């Protein structure tokens, strides 16, 4: 197997994981990179999803809890929260668990980050007909 | 007094402080949380304002100086700066003091954060007819 | 029930949750605050643990996954990671899940944060005789 | 030479450097500050550009590589990335080097920051007719 | 007046402000830069203190409240908090106001940052015989 | 070529790049991960160095300028600055260029970050007999 083939296989595997976890929202980000940084698109798919997400040591649901914590804490990641609130729902977290994770975040990174993340979640929930959160 | 009543009393006390400090801008945030995370709304009101803001150990004006410093430094807190530049004016800080605090912030967290905060303040000043800042 | 009593009850409830989750490591932090900011100690116990951690909407294990994500992303939280890697073990996360969560974090907040968190975990694992991680 | 004159000279020198590096994008920021914080405008021009950028110890191209790294890492600096991707092009960095620097940033501050910066660069490249990046 | 003289005058003015605000703790930082980055030392003194701190638009006490908010929020600024808790005391803030500002910070940037700042303050208070804080 | 072999090849290639860029300082980090997170060690070597650093689109010297900007801005990355100030020297940046990059950073992320990075550089320069910086 040539190096090129190994690279293609990693991409193919990553694309399957990306589609399963992030769905349409992830695909849009990848497409938008095509004319500006195709290698960044490749690395998101082949490495982040093909290598990291594909590892069995942490359940998909658990990966999204960690991810929601990180994205809430970083701030300025509203586009990524849009993708990953969808991903969190896709892998089985409930709207209540998602908003509770963001409420919990207020303890560790303060209310502004918790509020911004919760409003990003509200946008996704509205698009998927999940409001009001019980 | 039952636990529920204690919780209600904290909310009532917090709402008074929130209205006095943040005014309409704060109320809008609370209302927008009703269908996505009512508990986050409760905690902002009952804990942040009912417990923390209500403490006499720091003057309201001083709390806003600290808050402006934090929100400027964090970045990505434009919605919160909108609320707290209003709050800063409500508790007696002048537009000059507010922009000077943000200029001072450039020393400690750099010009991009100082610029973004200053443009958030400009939006509030414009809405309240306070431009140009003398 | 007087306001003082409500405050005391929140503290008592919080202390039970804090002891169950954080154990000795949490207690040391609270004790160290006694002579400099007893109110900060009170709020960590009564609010963070008595109100937020006590909520049933998210499992203790899930709260620690979110917390590990946040603390890894924030950076400069080695003392808090020391407490919360212990907490994560106390509520049932395995060393493998903890290090995998930090590896996963590299995707979202980069390798330096992932490395610093992993070395904080290594210190705790060593103290508890959990090295090498299988 | 009076203190006022020294201040004016620093501003004049800074304005020349600002115009050479940032071009029109920088000038717009300065103009927008006139009615809210003229001193912040002065310090950006006179100090950041007149004193710091004017120093010969680092090439203009190298300053922009450092700046792109910082702005990518900070997050929430899309307005500043807009100015500095233009600046990077103005001082001789190619679109490929700029997107590669942001891809490289994924290693150190994660994919969300790298993606947000890359999309800020895409906007500038589109405005200057530089898409697709070869 | 030559440019060199203007530069020297800014340094002299800045050194007076630095000594008045930061005292011995600030002087140590400046001295430690002499063999690695004398220009950074110059800019801290001449610009940060000679230009920014010297402005009358914000009281020294208010500047320290903003500064404490920023340094608490940034994290990883324990050496700077050491200098600026001393500075805060030098310009008239009480230990109670300082710890209250850090408690207040928990609302906006979370407990880990508030705790780390409070322990930095505890170290300074201990050195100055100000413990326990009443 | 099997998947395992592809993985081993990436590691081998990465190790060569890591050794060339980071030298002994990088090797120590990798070794320290062996008993706590061998997969994190693998990914640093195989992905960060084998895939990202190995790309020819940006010169090694330019990658370190971007890296120094990011690590300075992030804060709390003193261990990584230790490695990458060494790396910067290894790929041809001079002590003067390194300290100038950190001085430049003060414009964009403030003096505390610039100071902490400069003191991390001072430690490396001292170890390599490069003080005083001319």
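Each chain gets a letter, A, B, C, D, E and F, in the order it is written, and its residues are counted from 1.
One rule holds in what follows: contacts are C-beta pairs under 8 Å (C-beta built on N, C-alpha and C of every residue); 3 or more make two chains touch, one makes a residue touch a chain.
Quick caveat: nothing in here was measured; it's all calculated off a predicted structure.
Considering every other chain in turn, the ones in contact with both chain D and chain F prove to be A, B, C, E.
Taking the mean of C-alpha positions as each chain's centre, the chain lying farthest from the centre of chain F is B.
Taking the mean of C-alpha positions as each chain's centre, the chain lying farthest from the centre of chain E is A.
Comparing the residue numbers each copy contributes, chain A and chain F share more than half of them at their mutual interface. Chain centres here are Cα means. That of chain A falls 30 Å from that of chain B. The distance from the centre of chain A to the centre of chain C, with each centre set as the mean of the Cα atoms, comes to 24 Å. For this pair, chain B with chain F, the centres built from the Cα atoms lie 40 Å apart.
Among all residues of chain F, those that touch two or more other chains are 39, 43, 48, 52, 55, 70-71, 74-76, 80, 100, 103, 106-113.
Within the complex formed with chain B, the chain E residues making contact are 48, 52, 55, 57-58, 62-63, 65-74, 80, 96-97, 100-101, 103-109.
Residues of chain B that touch chain A in their complex: 29, 32-37, 39-40, 43-44, 48, 70-71, 74-77, 79-80. The residues of chain D lying in touch with chain C in their complex are 106-113. Note for the complex: chain A touches chain B at residues 75-76, 99-100, 102-103, 106, 110-116, 118-119, 121-122, 125, 131-133. Listed in rising order, the residues of chain C touching chain B in the complex are 1-3, 6, 9, 39, 43, 47, 51-52, 55.
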